[in-house]
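First chain written, first letter: the chains are A, B, C and D, and each begins at residue 1.
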Amino acid sequence: METNFSINYENKVVKVTLSGSLDAKRAPALADEIKKLIGKDIEKIVFFAKDLEYISSAGLRVIIFSKQKIGIDIKLYMVGATEGVLDVIKMSGIDNIMEITDTYEE
Amino acid sequence: METNFSINYENKVVKVTLSGSLDAKRAPALADEIKKLIGKDIEKIVFFAKDLEYISSAGLRVIIFSKQKIGIDIKLYMVGATEGVLDVIKMSGIDNIMEITDTYEE
Amino acid sequence: MADIIMPANMENFDRLMDFIQVEAENAGFDKKLVNKIRLACEEIIINVINYAYPDKEGDIEIKCNSNKDGSGFFIKIIDWGAPFNPLAKPEPDINAPADEREIGGLGIFLVRKVIDKFDYTREGNSNILTLFKYLS
Amino acid sequence: MADIIMPANMENFDRLMDFIQVEAENAGFDKKLVNKIRLACEEIIINVINYAYPDKEGDIEIKCNSNKDGSGFFIKIIDWGAPFNPLAKPEPDINAPADEREIGGLGIFLVRKVIDKFDYTREGNSNILTLFKYLS
């Protein structure tokens, strides 16, 4: 189960589409991509998680990290996450630092 | 590594295209298909093995079996087998019961 | 019963995780519970890979086993590193604001959340962590 | 070193074979030699699955290990079935015409052909087969 993620940065919005497993093996590549955005003018990071099947603390850490490193004032969104992924996000209290929605409107 | 094989029967010739691994897990499905040809009027069975990467005794057994069950007078051909597969065929003496060729002409 | 031992390193991470996933599926867990089991095991496995052998190479062993009446599933994760009892770790403050929160520290916390029973023993020079999950 | 134990059945065949393949690749064998190692192990594994436990379920263990000077690779295949020494089997007649040839009997013959050293011991109630292959 690979994570295939794609990142798009446009109009101060970063869109990250996740799929498969975001685990300790696969999270570092995402962290590397997010690091490349440090210093850019960003208002929102939107994670599209409809096809994300599994997340571990390594994956959560990338999300926390993106807020800490890109800017503490940016807004994080988690869109369409499945029940299992949402459970893990809530368990760890990360739902406090992001907006969880079913769909996303531009 | 799955074996994807395809079988075609036309003009008294059976063409079997093999790929991947023909091992103990995957050989029985091929044997089942060959069993369906018992009783048909067949002169040749041609195994196309260019993409076959691995064969074990279970795979060899299907080849011997096809000669024994379809008819001892039919001709077997093994076309385009890679070095590793050919080694196993020769080691086991199966090269005595079939014609080994690089290419096949109708 | 199934058992695997191999060097505790990132190259073997997927093999270890696949082993557990198949065992959990074979034991009859649905997809959601399989993923909880994967989560707990990943957190422990990653800790063994990262921390158990600071200046040498070492092995990790994973044993999977259904319990006698088939109502649940044991996973034992064993290493031969320095004594470490994850149950003795204080829980992280999951309510801290993001800017104050330490990156990390969540692993063992999540294990406790998704697993039904959790046991640690030191036997000889090995750390044995036993995780137990009910089938439903 | 890596080690795996699981029930000896066809459901586990691919997992056992994948385990060996990755270990052989990690040990540095090229593709052709990896396939020879796969072949030898498949023949033994299939025999354990088919014959070692005629009227019960039982386990199979596989241990992979490079030798000390790194010039070769050991695979131990262990079962707890009735005593069976494959080295004591007579070789099949590979020159028999196809119509006379028995279907089967090739397995152990092929193991001998592709493996450099081959050893059998009975220890307690286990059969231990050790295969050794030089890296080149």
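Keep this in mind: a residue touches a chain if its C-beta (ideal position, glycine included) is under 8 Å from a C-beta of that chain, and two chains touch if they have at least 3 such contacts.
These numbers were taken from a predicted model, which means no experiment stands behind them.
Asks: State which chains count as neighbours of chain B and simultaneously of chain C.
Replies: D
Asks: As a test of understanding: of all chains, whose mean C-alpha position lies farthest from that of chain D?
Replies: Of all the other chains, the one whose centre lies farthest from chain D is A.
Asks: Averaging only over C-alpha atoms, locate the centres of chain B and chain D and give their separation in whole Å.
Replies: The mean C-alpha positions of chain B and chain D differ by 24 Å.
Asks: With centres defined as the mean C-alpha position, give me the chain A-chain D separation in Å.
Replies: The computed centroid separation for chain A versus chain D comes out at 46 Å.
Asks: Just give me the whole-number Å value for how far the CA centre of chain C lies from that of chain D.
Replies: Going by mean C-alpha positions, chain C sits 31 Å from chain D.
Asks: Scan chain C for residues touching two or more other chains and write them down.
Replies: none
Asks: Tell me, which residues of chain B touch at least two other chains?
Replies: As it turns out, chain B has no residue touching two or more other chains.
Asks: Spell out all pairs of chains that touch, sorted by label.
Replies: Chain pairs that touch: A-C, B-D, C-D.
Asks: Quick check on the complex: what are the chain B residues that touch chain D?
Replies: That would be residues 23-25, 53-54, 56-58, 60-61, 64-65, 67-68, 72, 83-84, 88, 91-93, 96-97 of chain B.
Asks: Name, in rising order, each residue of chain C that touches chain A in their complex.
Replies: That would be residues 10, 13-14, 17, 31-32, 35-36, 38-39, 42-43, 46, 94-95, 97-99, 101, 103-104, 106-107, 109-110, 113-114 of chain C.
Asks: Name, in rising order, each residue of chain D that touches chain C in their complex.
Replies: Interface residues on chain D, with respect to chain C: 1-7, 11-12, 15, 19, 22, 26, 59.
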